[in-house]
Structure formats: C-alpha cells, structure tokens
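Next up is a structure, given as structure tokens.
To keep things simple, chains are lettered A, B, C, D, E and F as they appear, and every chain counts its residues starting from 1.
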Amino acid sequence: MSLSRRSFVIERLRKERLLSLLAKGHRLDDRGLLDYRPVKIETNVIDKAEGSAKVDLGDTSVIAGVKVELDRPFKDTPDKGILIVNTEFLPFASPYIEPGPPDENAIELARVVDRGIRESGMVDLSKLAVKPGEQVYAIFADVDVLNIDGNLFDATSYAVVSALATAKIPEYEVDGDGTVKATGNIVQLPITTIPISITAAKIGDYIVFDPTEEEEAVIDTRLTIVFSEDNTLCAIQKGEPGSWTPDEIVNLIGEADGKAREIREIVKRSISP
Amino acid sequence: MSLSRRSFVIERLRKERLLSLLAKGHRLDDRGLLDYRPVKIETNVIDKAEGSAKVDLGDTSVIAGVKVELDRPFKDTPDKGILIVNTEFLPFASPYIEPGPPDENAIELARVVDRGIRESGMVDLSKLAVKPGEQVYAIFADVDVLNIDGNLFDATSYAVVSALATAKIPEYEVDGDGTVKATGNIVQLPITTIPISITAAKIGDYIVFDPTEEEEAVIDTRLTIVFSEDNTLCAIQKGEPGSWTPDEIVNLIGEADGKAREIREIVKRSISP
Amino acid sequence: MSLSRRSFVIERLRKERLLSLLAKGHRLDDRGLLDYRPVKIETNVIDKAEGSAKVDLGDTSVIAGVKVELDRPFKDTPDKGILIVNTEFLPFASPYIEPGPPDENAIELARVVDRGIRESGMVDLSKLAVKPGEQVYAIFADVDVLNIDGNLFDATSYAVVSALATAKIPEYEVDGDGTVKATGNIVQLPITTIPISITAAKIGDYIVFDPTEEEEAVIDTRLTIVFSEDNTLCAIQKGEPGSWTPDEIVNLIGEADGKAREIREIVKRSISP
Amino acid sequence: MGKLVDEQGRRVDGRGLNEMRPVKIEVGVLKNADGSAYIEHGKNKIIVAVYGPKEVHPRHLALPDRMFIRCRYHMSPFSVQERKSPQPSRREIELSKVIREALEAAIMIEEYPRTALDIFIEVLESDGGSRGASITAASVALANAGIPMRDMVASCAVGKIDGHIVLDLNDQEDKEGEVDLPVAYMPNLNRITLLQMDGKLLHEEFDRALDLAVHGCEQIYGIQRSALQDYYFKQDR
Amino acid sequence: MGKLVDEQGRRVDGRGLNEMRPVKIEVGVLKNADGSAYIEHGKNKIIVAVYGPKEVHPRHLALPDRMFIRCRYHMSPFSVQERKSPQPSRREIELSKVIREALEAAIMIEEYPRTALDIFIEVLESDGGSRGASITAASVALANAGIPMRDMVASCAVGKIDGHIVLDLNDQEDKEGEVDLPVAYMPNLNRITLLQMDGKLLHEEFDRALDLAVHGCEQIYGIQRSALQDYYFKQDR
Amino acid sequence: MGKLVDEQGRRVDGRGLNEMRPVKIEVGVLKNADGSAYIEHGKNKIIVAVYGPKEVHPRHLALPDRMFIRCRYHMSPFSVQERKSPQPSRREIELSKVIREALEAAIMIEEYPRTALDIFIEVLESDGGSRGASITAASVALANAGIPMRDMVASCAVGKIDGHIVLDLNDQEDKEGEVDLPVAYMPNLNRITLLQMDGKLLHEEFDRALDLAVHGCEQIYGIQRSALQDYYFKQDR
C-alpha cells in the first residue's frame, strides 16, 4: 500500500491558516506547540499473537502483533535471536492509499521503528539463541496501520514496544542429545529498556511535536529521535525535504528528551500487568 | 491471465432476446433448458504427462495434464500425498483475456475444481505417502483453458477427473535402509469414485444447465454442485452477484443429481481402457 | 529496465541520410563500413569482485563483475561448475530506458553472451566441481550497462570475457573426511580460449560492422557471430525483423572471422598481466 | 482427534448443536473511512471499512450502468496460529470474490453508475467462520456509509461434526469436522447470496443444514440491527 | 551417452541423416481466435492462435507507420519431463522475441498502421525443435487469420551429432548432440528470418548445415501449403 | 573484534580520528545523461547521473507548483562481498527516499513546475558511507546538468568507535563500531538536509559528533568545487 498525493491549492491555504495560528501559539486542534495528543494503549488485544498492542494517538490508530517462531539464525549473528519489524498501511487507513506492496513510506516507517528498538537494546537478542548457530527465536512484529492522522513513527513505535514488552513466549531448552524442545513454560521476552520515539516537525519557523495529518501535509521537515532509558539517543531520522540548522537540532533534542520521559511513564503504566 | 469486461448495450439486448426464447422453452443453440452440450473426452493426449485429458464441452475446450513427483508432505498431513490443481486461461482462449498471472476467476476455478475432487475422496491420498513424513507423491493437475464458451467449472472438472483416472505413475518402495526407490512398475492412482460437477445458472426466472459464454454474460447467478458416487453432495459454489431462494436451491439439487448420473456414464466410458 | 521506442519521423530522415552516406562508403562517424570503433578495456576495476572489466566501445560503456561462490551443482550436471550471466540496463544508460525488471532485450543480451562463452568452452566448467554432486563453483558474471551507443552484444561479450579471464578465485579442496575447505591459495579460472563476438547489421543493401545507436535505430537486420580460437563458430544470433539471403550469411561469416582475429589481439593485450 | 460432540449434545466449547457463538458488532470505528464496523464473532476479530461511492481509477473500469464494486478480504500476519505472509493467498483472493458477490446482490448498484465502491476487510484474529463474520460486518459498514441496500446481508456457517448438523463452527470444529457450509442470506427477501460447501452431505442432511443456516442468519440479522440502532439512536447522531 | 548415429547412418529413431520427422498441421482449430493452427512435429504438439489486426491497448504503444506485433511463446507445465512453472522463463522470453522477429519479416506490417497483432504460441508437448515448429504453425495461423504476408515462413533445425550434419534434431539428439542450428526461411524470397546456433562448427560445416536447413524448410513449406489447401478447399469454406 | 583505535589515536587504515579518506570526483562521465559524476570516496565507487527537467510520465504524477523528483539508489550485484540480488532491497528503498529528500532541499524545484527530474545512483563498489558519497556526487551531477540549486549538498558520516567520536567511517568501522551518524549539509546556508543515526550516544557526544560532521561536509564541499572547476575551466567548455 502506498500513499498518493493530495490537492495543492488546499495545502497552500491550510499552511497559511496554520502559520497564523502558530504565530499565536495555537494549533488547529487547540494543542500547544509541544503537546502530544492523548496516547491510549491497550495490550493483549489479539489472543493468537504472542504479544499485541493497539495504540491510539489522537485519531492515528495502529495495532502491532508479535509472533514468535524457532528459525535458523542469520549467518553473521549465529548466537542471536532475530527481530523483524514489518508494517502494512491497511487500505482503509486513509483515502489516499493506493493498493500494492509496501511503498517507501511503509518501508521507512518499519526500518526506523526497528532501528530505535534494536539500537536501544530493548530486547536482549543474545538471550534468544536457543541453540546457537542452529535454532534461535525469530520475533516478527507486524504492524497494521488502521487509521492515519499523522505521526505514524511514534504511534507505531509505541505499539511495537508495548507488544514486545507484554509478549509471552514458549520456553525451549536443548536436550542432552542436542534436540530443541519446549519446556511447557511460558516466559517473557528479555526486555532491558523502554525506548521512546519523539517526532517533531518544522512549519515555517515553528516547531511542533506530534504532528497531525493536516499538519504533515504542509510541514517543511521532520525529525524523529528515539531515547533509551540510560540518557542516550539511540536513533534519529530526518524526513521530508526541508532542512534544519545544527543549532535547531541540538535545541530540539533537549526539548524532546523531556517529552520522552513523560511518554515513557504512559507506556510503562499501560504495559504493567 | 484475466477476463476483461464486455459491451453493456449488447449484453442488455442479448438478455432480452434470451428471455423471450427461454419463455418458449428454447435456448440460443436450440437446447432444452436442462440439456448439456455434447461432452467429448480424449485421454492420454500428452505423452510426457503421467495423465492427460482434453475435454470439449460444446466449444469450450480445456486440456488437463497430470505430473507426479516425489516431495516432502505438508506439515499438517505428513501421511498423505499432495494434490494441487492449477488453471491457466491461455491468452488465445477468448478475445477478452488480459495478460498476467491467474486472476480471481482462474483461482476460483482451480479451487472449486480442487474441492470437488478432494472432498469426494476421488484420489485416496492416504495411499500416496511413500515414506510417511518424508516422501510422498505430489500430484500436479495443470489445466490449460484453450477456448472459452461458458461453463468452465464443469469442463475443467471433467478434464482433471479424466486425467487423474487414467494417469499412470511410477511405483516407489522404501528399502531396508530407508531409502526410497522406484520399483520399475507403472501403476494407477488409487481412485475411489468419479465425482461429477453440474453447473446451473439463473436468468430471470429460468434455470438452465451448462450455460454458454453468451448466456453467462447475462445470467443473474450461478450454482455449481459436485456429486460423489455414494449419493452425496461433496462441494457447492454459488457464483456471480444475484441470489437464490432456499427452495430454488433444494429443487435444483434434485434435478442436478439426475444430470450428474448421466454425465458420469459419459466420463466413465471415455476413461475406460 | 527496458528500452522504449523513439520518434519515427526522425528515424526515417536519418535512414535516408545514412543510406546516401553508405553509398559513398562512409558512415555518420566517418568510419569505413567494416571498421570497429576503438575498443578500450580496463580490468580489475572493482576490488570487491573476483574479476571485473570496464569496456568502452566508442561511447557504449559496460562494466562486468565476476563473483564466485560455492553452491550445489545443477541436477543434470553434477560434475560441473555453474556459470550465470546476468545483464542490467542501468536506468541512466539511455534516455529511452523504462524502469522494471530486465526486459526481452536485456534477457536476449545475457543469453547470447552466455552462449558464446559457454559453447566456446572458454571456462572449463568440468574443472570447477570442488566436490562433484555436492559443492561446485558458481560463477556469476553480472553486467551493468552504463551508456548505450549501439552494439551491446559485442561490448558486453568483451567485458565478460575480460572479467572471467582476469578473475582470481579462492582455491578449495576436499578434506579426508569429505569437508570442503579453502586452501588459502588464490588461483585463476581454468580458461581455454578467448571467444570473440562480431556483430554486423544490414541497412538497405549495405552491411556494416559494430553499429552505433543511431545506426541500430534504422537497421533492417542484425547478425552476431562468436568465434572460438580453433577456427570454429560457436554461436550465432540473428536479430531484428528483416532477413538475410543464405549467400549473404556465408560471405559475412568470412569477413567477420578476420575481424574477430583483430579484436582478439586487442582483448588479449588488455588482459595480459 | 477428540470427540467434538458429547453424549449430552454439548460441543467442545460448551454450546448446544444449534447454538451460535457470542457476536458483538460496533459501528463507525474508523475516522477516515466513509463507513466501518468491527465484529467479534467467537474469536474472530474483524474490521470492515467502506469507501465510496467515488470516482473510478483507472477510468476505463467505470461501468456505464452501475457501481463498480471492489472487495479485499485480507488476514493480518498475526491473525492465525503460524504467522501468515502479508501477500494475499489464493484462498484470500477467492474469498474476496465470493464475499463481493454476496454483498453486491444487496447493494443498489444501479443507483450510482460510473462510480466505485471499495469494501476492505481486515481479519485481525481468525476463528472458524471468518468469511461469514466478514459479510455480516461489511453489511453493517455499508449501512454506516449510507449505501442504499435492498436488504441487510447476514451470514453464518453450518456444518457437520461427529455426524451432527450444527450451527456456527469454531476453529477446531472447522478443522476436525466433516462439512463446512457457509451461507449468506437476505432475511427480508428470503434470498441466499453466498453458498459454498465442502465435505460430504446426503441430500436430506443438506436440506436440514440449509434450513439451520437460514435460522442462524436471522439471529445475526437481529444483532446487526441492534448494533446500528445503538449507534444511530443512543449516540444521537 | 549412447551413439546417436550407427554404422549405417541410422539415427536413434531410425531416420536417415537428412530425414525429417513426421509433420502434421491442422488449420482453424480454435473457435474464438481470428486464426489458428495445430502442429505435431515429431513429438512436439503446439497450438498457435492469432488475434488481429485490432486496436492497440494501451494506445501509446500504437505505431504510426506499421502494425505492432506481440508474440508469446509459452510451454505448458506438463509439456516437459519435469513439471515447468507456468511463469515465463528467460528462455521463453528470448524465444518469444526471436520468433516474433522471424515472422514480422514476412508480415506486411505497413498495411495496418496503428493496429496490433497478437501471436500466441502454446507448447502442449515439447520435443527437439519446438521453436521451429512454432514458427511453422504460426505462419499457417497468420494465413488462416487473413493477415497479408510476403511469403510463408517455414522453419526447422539442423545440427551436428556424432560428427554428422543432420536434419531436424529430436529431443535426445538436441541434448546429447554437438550443435543445434535452428533456421526460419521464406522459400519464395530465398531469405532467412531466423538463425541461431550453439555448439561448434567449422566454416565448411556451417555452409553445409545452412544448405541442409534451407532444404528442410522447403519440405516444411510443402506441408504448410497442403494443410492450408486441405482446409480451404476440401472443407469448402 | 579487533581494537579499532590504537594508543596513538590511529585507526585501522592509519587515519587520525578527524581525518577523511581520500575523495576523488570526476564530472560529466556519461555521454547520454544530462549530468553525471563519478566519485571514489575511500573504496566507494559510485556513478550518479541526472536526467531532467523533462516531461512527467505518467502525467497525473506532475506537480502543478514544482518539479517532481525521483531518486534511485542501487547497488550493483558485484559491489559487495557476497553477491547482491539486483532487486532493490528494503535498505535501498529507504536510502533512495532519504537521499532524494536531502537533495530536494537544495534544488529550486519551484522553478520547473510540471516537470520531472531523475537522479540515478549506482554503487559499483561499496565501502562505509556510500549514502554520503552518493549525495556528494549527486550534487555535482545536478550542477553538471545545470539544475538551479540554492547551495551544494555535501555529505559524510561521523561515528563512534572504541569510545571515540571519529570522522568518516570505513566498512570495518561501520560494522564493528558503536554508532553511525550520516549527515548531509548545505555549507553556505548552514543547513542540515540529511540526518540519521543508529547506535547510542550521550547528548554531549551527539553535539560533538554533529559538529565534526559539519566540518567534514565543509571539506567535501571544497572537493566538489574543485572537481567542478577542473571540469568547466581546465577542459574549457
């Protein structure tokens, strides 16, 4: 599925209106420039998935499901489990979606969400090699984008993080004779941290957090930053044509860090048993 | 290959003409409403296939070829052979065919024909596990649709049934040390019954059997019923928009059962050695 | 990638102009009818490839890279290595290229170049079965077409021949216990001959060698002949609609043989260490 | 293979032979779609959304005398026991076709010539009878989108397990039972718009099964109506 | 590898060196196509059908000064020893191109500008020389469709086996022999429209082989003419 | 894992922490393209070619207020240690997007409404930092094609290896190091047009790294200018 383009005249009028609002410190939905929309997270929504979470970020709605299989490890990481993030824009998620395989937007989304989680070390993949070199856990985190109203990066990241953090997987052990078998126990994934993605957008000279679809249609540029719990940045992705000064970026990261701490509390509350 | 659409004005005129004929108990080709066109079956037409049959149902013409290989069984049926039906609308079969992979019509055709044969138990797949869990017969029944003049479901079903019933396959056995090898004998497939597909269509208030292409272009709805030899129905598929009352269906099945017995005699005669 | 079509009016005017030149024994670039453009070959241009060569034939420019892996042999040649030639028209090679997988032109190009090399016996594949039936060398010769100005068959053939002739591959041996391992030595491929491809085109009644893009746009027909070093022809491919008399072909092969000997000297000089 | 029906006529999940699993329908669950519905039928969890009537792209697909209806039935990778590839399978392509035909029978397609209507079905979690639940929910989503219809289409399956004709097969019954017979039905018009069967039935068994299916669809129709009433009257919009 | 030619110059199927396999052509075998032909050449069984001249879709492919010719050479899954995937292979794509070019040389493409012609070739059973048999049959199908042509195109292969130049290789000779050299030829115009070769030939051998191929094509031409005459005169239509 | 930085602050290839690999740019290397450049940055060998401004096909993709820019970043099968399939990978699709966005920021797209511009990047040999080298060369190719730009875009990466923030990672450092942080920068406008990161950095480390990247880009800019001057003035055209 891919996103097609929209009307340009309407975009231009909307941008003017938005800029005049921003000049007064307002947004179209009355939020402050650095406010997030309400974040609503429901976990364990799909019984057949080992982990799952539905995230509503305003009217943006995504659902992540985690499936776990045993598989051969990748050649270059024989002693690590496998984590694969895949996203699909469901065709009903927006009137602007075109049929077909994931386009560059869906692929970028999946890869950026994957990097934030992978680089934070959230899931300790080195603990997921059941029989190193031969059988490891392969974790598929599939995301269905249900309704698009902007800021898919953050909503998708929160959904995958929540689904992984609440997943329950079968435990395996290696027999004396080297065969892999289920112990019958159900265990949690080895989770070490809760990474939080924060996305900002620049419209004219204004910077806003958590842009809606209406805002994204007119933004100049975007920056997504993922924060780990140990005071580090673990992934960044600039998006859209448009540019940032180095100073803007340095300042923005400071602001975003604070916001990440707020959101992390919401996520943690939602995933606690 | 897929079928594209045709002229609507012509369809409407044709439907009016057809309805006035049906009111008098006639069809465009002078058949009675419940008559089939001549069924012509030739078997063993392709030397390189283990089984083959060409079926002409009026001007509808299809050819089925059966190839047999050894393969690993499906995970959930380790002690059964594999049967796969695949259909291709050859691009010359009709002026309305568009290039490309099998479309929904070709896929539905293959799946409905497959279901009728599979559910009837025609081929006893439990006898086709050469070495259960490891090596089983995989039977590919590929169908080329050569010329389209309506009622592909029945023509295709008769062709696959005839090709399977007359197929000759190499016999395999398992050695003392567990290796699978050919005995050198050529044997028949384990055939238990001859399922017969009957297709009816409703045009206005009239029900006809074995619709031609001209009739299919204007029918309201269609029903394909597959009968096994033991007085059972083994598959049904309603097709096309349009609808049936429950009573219509119950009555139709009675009529179709009689017709199936007639056609089964024709098929049996064609496949007897 | 595929080539799209060009303007017809311009083609017709160009053909008239070209024919009047040919009548005087000239071509658009001042060559004689049977002259080749300068052939420039650079080898070992890609460090990460086991062999590589960039060929410029006038403004036609291609680069071939050879990668070597161990792989299972093909079923019907268990005691031979594998050679696969693949060509890609890079999208910048011409303004007339359309995006997508290799089209019939790229596939024909790869297959004709492959046949010339394979049938000449240039690479002795029987010496490339490290462990017959189990592990053999698989040689991938990938060609990027960088800039198209006619006669891709010859340019591509020279590039693949030069890359193969200069490739250095790791040597493997089979242990006492049957495992395949690298000896640490780097060796040459077993090269037995240098096949040379010669391409002629007919425009009206004139025959030219090494046609440019401008000429190819208006030719009637084409003939590519590959010569081995032992006075044999080893591959032929007629191309384009249009036709040859048997006598034209017999005469042409005589002329082309002489030209092949000239070009072979250039290739040999370029690949000598 | 366990026994699917015990001596008391109880099924593996405790239901009687003619008893339906719990069904819950929510209307208008997606913001962007023109109409939508969410259904839980047993463990099936399915979202259906409708876009249209709208312009047809590419234009040559437009039909001069009626609406052009497209339908996609799709299963999420996590909807089944073993992860499913997101590419549409042959089964999904066939079901998209028969579901579209089952719904088209009810839609007044002649009222919107040269327009298109998209019906998107996403199975988030799959249990026995997902095609029926999809049709049931799609019919509600069409109503929510304001598409004029001759009747609602209600759908459920019947089947044969351990020799009994029963209503509404769950996953285990579907896999281990003898016959699956999904039906879609327009209750006010008394018309069947989808009928498929696989497995073996005597004629007399088929007649009973069809009758039971029609009764099941009538129950489903009641649930569809309640869901729409709750949405339009309780929410007062 | 058995010997392909014995001391008496007999080949594995009993033929002499310059002897063709039996060839049988039927005209007008498909109802829907504008023209069609069925050929059995040795064990090759091939249907060719032609649609056209007709409108070009999409329109931008139309050629202002001539007919646009498309050709598909395709092998059925059951046509070969090991089942073939229905997806077109690289070999099928190349053969579609060279066959199209071999036929286009004979078609009066300039008489139908802005139209399209489709030539569809289906190999139901494959033996050595299937491309030649396809061209032979396609030429007859084009005549059956009433497409104006400068000449018939007749085609067969020659080859080298056990050191002998021979006519019309069968499957075994093709696989185990040294050279395969398919030729297509317009007999009245004395012009070659397809020429391919793989394997090694001395110049003198090539000249002899080409000469033998031309004679083979002339025989094929006779069979094409008889088939058309039988169809048009005996059937009196 | 070997140590990537020794006691003297030397890296595996002998460079200092803030030292760039050798960079060589050639302008106008392809005849058919409207503009082109070839770059060797370390062992990266990359050709970039530009076609445009030109008509948009299909037309509905044309933008009424600006140029429509397409970008393809592609790696040759032989460009990496293990042969790469020619089909574009998910990584190549993402890089095509971020590179396009990094360049579009500099192009005066509003000057050519309803036109298209194609930027084709082919990585013939790949080392660490291929996306940066691609952007650097693409910017030169755009200049060579005469596309009006607000500024050049220069690009390189910084990273963290063995705890040190260093400039311009090579292949080994990229694979075995802790952080990769590619940056594209418009030197005259002081603006960042590409920024990606993976790996973990403290805020203070990030600030230093970004600063080092900007300095690296300024060096690259000097090389871009020299290459263009050499081409336009020394070659006198």
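Here is the rule we use: a contact is a pair of C-beta atoms (placed from the backbone, for glycine too) under 8 Å apart; a residue touches a chain by one contact, two chains touch by 3 or more.
Keep in mind the model is a prediction, meaning the values are calculated, not measured.
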{"item": "Chains in simultaneous contact with subunit D and subunit F", "value": "A"}
{"item": "Contact-graph separation of subunit A and subunit B, given in steps at minimum", "value": "2"}
{"item": "Distance-maximising chain from subunit D - centres being C-alpha averages", "value": "C"}
{"item": "Farthest-lying chain, centroid of Cα atoms versus that of subunit E", "value": "A"}
{"item": "CA centroid of subunit A to CA centroid of subunit D, Å", "value": "32"}
{"item": "Inter-centroid spacing, subunit C versus subunit B (mean Cα positions, whole Å)", "value": "48"}
{"item": "Centroid spacing, where centroids are CA-atom means, of subunit E and subunit F in whole angstrom", "value": "52"}
{"item": "Chain-level touch network, classified as line, ring, star, complete or other", "value": "ring"}
{"item": "Ring walk, subunit B to subunit E and onward", "value": "B, E, C, F, A, D"}
{"item": "Residues on subunit E engaged by subunit C in the complex (per definition of touch)", "value": "63-65, 90-91, 93-94, 96-98, 101, 104-105, 181, 186, 189-203, 206-207, 210-211, 214"}
{"item": "In the complex, subunit E residues that touch subunit B", "value": "30-33, 36, 43, 45, 47, 49, 51, 72, 74, 76-83, 86-87, 118, 120, 122, 124-126"}
{"item": "Complex contact set, residues of subunit A against subunit D", "value": "45-49, 52, 59, 61, 63, 65-67, 69, 86, 88, 90-95, 99, 101, 140, 142, 144, 146-149"}
{"item": "Complex contact set, residues of subunit A against subunit F", "value": "5, 8, 12, 104-105, 107-108, 110-111, 115, 118-121, 221, 223, 228, 230-246, 249-250, 253-254, 257"}
